[in-house]
Amino acid sequence: MNERPAGSRRYSYLGPAGTFTEAALKQVPEAVGEDWRPVANLGEALNDVVTGVSDAAMIAIENSIDGGVTVAQDALATIPDLRIVGEYLVPVSFVLVARPGARLEDVEVVAAHPVAYGQCRAWLDGNAPGHRHLQATSNVQAAADLFDPEKGIDAAIAPPGIADHYDVEVLAEGIAENPDAETRFVLVSRTVPVGEPTGADKTSLIVELPDDRAGALLDLLEQFATRGVNLTLLASRPVGDRMGRYRFVIDAEGHVKDERVADALLGVKRFSPNVVFLGSYPRADRIAASIRDAHDDGTFRDARDWLRGVIEGTADSEG
Amino acid sequence: MNERPAGSRRYSYLGPAGTFTEAALKQVPEAVGEDWRPVANLGEALNDVVTGVSDAAMIAIENSIDGGVTVAQDALATIPDLRIVGEYLVPVSFVLVARPGARLEDVEVVAAHPVAYGQCRAWLDGNAPGHRHLQATSNVQAAADLFDPEKGIDAAIAPPGIADHYDVEVLAEGIAENPDAETRFVLVSRTVPVGEPTGADKTSLIVELPDDRAGALLDLLEQFATRGVNLTLLASRPVGDRMGRYRFVIDAEGHVKDERVADALLGVKRFSPNVVFLGSYPRADRIAASIRDAHDDGTFRDARDWLRGVIEGTADSEG
Amino acid sequence: MNERPAGSRRYSYLGPAGTFTEAALKQVPEAVGEDWRPVANLGEALNDVVTGVSDAAMIAIENSIDGGVTVAQDALATIPDLRIVGEYLVPVSFVLVARPGARLEDVEVVAAHPVAYGQCRAWLDGNAPGHRHLQATSNVQAAADLFDPEKGIDAAIAPPGIADHYDVEVLAEGIAENPDAETRFVLVSRTVPVGEPTGADKTSLIVELPDDRAGALLDLLEQFATRGVNLTLLASRPVGDRMGRYRFVIDAEGHVKDERVADALLGVKRFSPNVVFLGSYPRADRIAASIRDAHDDGTFRDARDWLRGVIEGTADSEG
Amino acid sequence: MNERPAGSRRYSYLGPAGTFTEAALKQVPEAVGEDWRPVANLGEALNDVVTGVSDAAMIAIENSIDGGVTVAQDALATIPDLRIVGEYLVPVSFVLVARPGARLEDVEVVAAHPVAYGQCRAWLDGNAPGHRHLQATSNVQAAADLFDPEKGIDAAIAPPGIADHYDVEVLAEGIAENPDAETRFVLVSRTVPVGEPTGADKTSLIVELPDDRAGALLDLLEQFATRGVNLTLLASRPVGDRMGRYRFVIDAEGHVKDERVADALLGVKRFSPNVVFLGSYPRADRIAASIRDAHDDGTFRDARDWLRGVIEGTADSEG
């Protein structure tokens, strides 16, 4: 099934060309010139990785407006043997496009992916008050549908680069409500050895809480806090067996090869009935974690040396 | 706009008749015999309440499989002047229905709401391996579409009571993966005085964290923990202004008229730049909160009496 | 028994004149010109207050070298109906004195209170290497004993002002090891209404931990931390009934009429089987507590107003 | 200076024979038949260990009535290269003794160590109302002084076994207020390799808090709590440089070779500017620590194995 030429690598992404996912993939230096495989949905993308059809898949994991992509979070929580190896941010802005020659005042039916529609609705209510919304399966497909007469579409909400792919005219730009909106993507491969820390890394986990204790979430958070590890994401997802049981999706600052993160993970692992390690990888925003002296690698090593001396009775017991 | 007969009350819900939302509304004793208004989506339902078209709206807020209904959480976080006044649980099971006389082995195209399809996919893969999925806007609409020849549908995934509303034949029952799945609904009205505690209540809040402190979530959780208030839900939602800023959707055990809950809310209010109180209402599962002596109302009153005596110097200062 | 002239007030202190306790009493403006009563020990001083012989007693409560005066802490924990109404710091320095004409090189026997001797021992070992120590009951008594030939004393360790009271010659000054040593005194009266906050206050408590929980001390400290109340002292004392049971002596920043302190005390009172409130009084060091916005009185009042509106449904529920 | 016969061991203790300290030493099986060296005070006992005059010293560290023996705590905090290797409990009860033929009704002057006098004062007030107290340097010396006519003593408070050592008559037994009082002793040697865990051990530490953080004590306690390590003692002692700076004397359940204790010590060491490890040794009360599964040694090892697999990518990342 995997007919790639030797040496080449294949990347799956939500196609067609022109999607925000493709824009994320364009940020991956090592993907340049390799085989890019557009797929129809997340399940297909991850399946490509699991079955070896592709080496990696780029998937959307969070949007600054809509929050976590829960189906992606749940897939990572339950499909074994996957690893996040990179993180990418794509600004999310939208344009309104139509067939060449069309005018904004004639727009009645607007095709759009529901998420995109939600972010642009205020603008449309103001500028095309009588419009109707027709759902599309992706932001690019909405534009493609302009050329399917059976759909009866007058305009489409699409990503800015859409005119590179389709013969459309841009009626308006920047029509989304929040100009700073962005989507966070992760590149997912099968399990591989963890890479080296860059000094600006993230570590992703899925953690189930023990059943039997009040305050279990507080105890979980303490595992990070006592080691000086900040969290950039804490999201709850149902385990699915019954109402009220959650697992937590966690992004922690730092790399599993940073001592403080490793120590926090050991604490979490001892505490939780089920931990999935999703990977340590460079942060998209390249913001280095701020670490107090008490939590840097040297302090961890010094403490171990001290403890060894204390036990052996060879070192002075004073600190 | 509100043309209700004097004295009657109107309830908006996601229609048409036969939906799980209608099943939730049937659990509301005071709604019996009143005016029930089916609407097309959540926005319409809440708008009915805001504008006074309806007195209350029943909306889905969480599913044991899919998690929080994020669009509902976000609406409650941002639309002012709404209150949750009741909570209801509806078991979520599905049947596969078709036009009378149809046979399972002939099913090729299955209409289903995407959430329902996700929960029944394993069964369909096993029992109708070659099927294709066509999206429907509600579980009931999927069944209705069976009678629209243009859709080309052979079968639909629908709620168990569907045969009361449509002339369909049930091909299979209990086709969802998890037989214990249920959806949690809340009844929402405009702001009204909070009702009396029943001993088995929940209090819902939306809380924004202060920007400027590491460990802010830990501090938030401590506000509840130090007063012995358990949380049944903690979900994060993006504030929406930029990646990495979250507000938290919280369901706490107990009623705002319980001393320990009131005290915790005071602590949260002092701590957070923005708290939305969504209501205190009887729990659907009728499980009474377990309270330690140190957190019951009498202990709170005794402590206040003691403090007053201490300040006035009239009481003995010993405890 | 109390034969004071009408209108005058009586203060008990560890005498005789010249002690550090007298130096503390000299710092009390309202004690100037009143009746000062020297007593032999702490028990007598507190008994004077309990029985009404005196209006207040000045007692040493902590030394920066030796730590808490445990007998005073235990007395305050167990004698009912006492209040701390003021705090005073006295620098602790010592001189070596002898009968007029004596020379340091002839000193063989040195009288000293054991605590004073401990603080001056290093100097004596260096400057009077062959000396012997004879215990005295107070720093002033040591000097007085110089004139009792039966004691056979050559020199005495005494407070700097000793030459005002006895005909002694100062052989050396500043002989204590730590030049910054000081002793903390408190003025104790019977229970009276608490005074007004000055902005730089302390509140003293004795708190027993509940028996039945691990982490009880952590929970106790959280009661202060969640209200932003810092502690300046936390000392453990045995309850006395069996090994391993402790009560805690706590000094908290702030005044019981500060909202955050009152709220913390309510939390402590609900939590602890036995709390003794010892008083809120101006700090000797006049250091104002640093309070975050979230913990000032206005924030507490605003939160209560908000909660009232929330319950009545009259106010907007948003924060 | 050390003239012991080859192979024999020497133990220093607060003498003379008959003291409670000697009773503690009698509980040490390996001390039977060795050289016991009575000394006059704590400083001498520890000095014997430091200089090699003795192999170990038995010292009182805490009394269930009076609390920690602060001079011993401070000595262990500041004298380098000492280790606690054992813990012993001695019930503290007192008898009133006199010269043969004496009668209780004739007792006027009672010699007693001040601590003993405090514990027996209530009985004396009731049974010898007109008595006066004369201080003695040890409980045994009080009895010895009966035979020094210059002292003018009628009776002495002494340990129950005193009649084995002196020709005295017991006027009354069990005269202390609290019949369950006991004193905790520790056996101190120079630094040696830590012994093996027995399952019922204690670990003693002296910990200084970092200067620069509010809540530092809370953070210190969390280091133990997150690893499930209970504390049996937490006492504060002044560092001595200025008022308000404390170090903490800590006894933790468990042994430094228990994984959870070692991990807690690593956390404490990273956090604190100064930690003194005083030893891990069998508890006198033989009470085994109660450990949750999450904190047993196997869980610690499993977590490390998991983390190694996670980093190498060889193991399944699921927990």
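Order as written gives the chain letters A, B, C and D; numbering starts at 1 within each chain.
Convention: contacts are C-beta pairs under 8 Å (C-beta built on N, C-alpha and C of every residue); 3 or more make two chains touch, one makes a residue touch a chain.
What you see is a predicted model, and the numbers here were worked out from it, not measured in a lab.
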Message = Regarding the subunit C and subunit D pair, does the interface count as same (over half of residue numbers shared) or different (under half shared)?
response = same
Request  = Measure off the straight-line distance from the CA centroid of subunit B to the CA centroid of subunit C, and report it in whole Å.
outcome  = 57
Task = Could you put a whole-Å number on the gap between the CA centroids of subunit C and subunit D?
result = 27
Inquiry  = Between subunit A and subunit C, what distance separates the C-alpha centroids? Give it in angstrom.
reply    = 59
Key: Where subunit C touches two or more other chains, by residue   = 222, 225
Task = Based on the touch definition given at the start, go ahead and assign the chain network to line, ring, star, complete or other.
result = ring
Ask   = Tell me, which pairs of chains are in touch?
value = A-B, A-D, B-C, C-D
Inquiry  = Looking at the complex, which residues from subunit D come into contact with subunit A?
reply    = 80-81, 83, 191-194, 210, 219, 222-223, 225-227, 256-257, 262, 265-267, 269-278, 294-295, 299-300, 302-304, 306-307, 310-313, 316-319
Query = Hey, which residues of subunit C end up touching subunit D in the complex?
reply = 62-67, 70, 89, 178, 180, 182, 184, 214-215, 217-218, 221-222, 225, 230-238, 240-244, 246
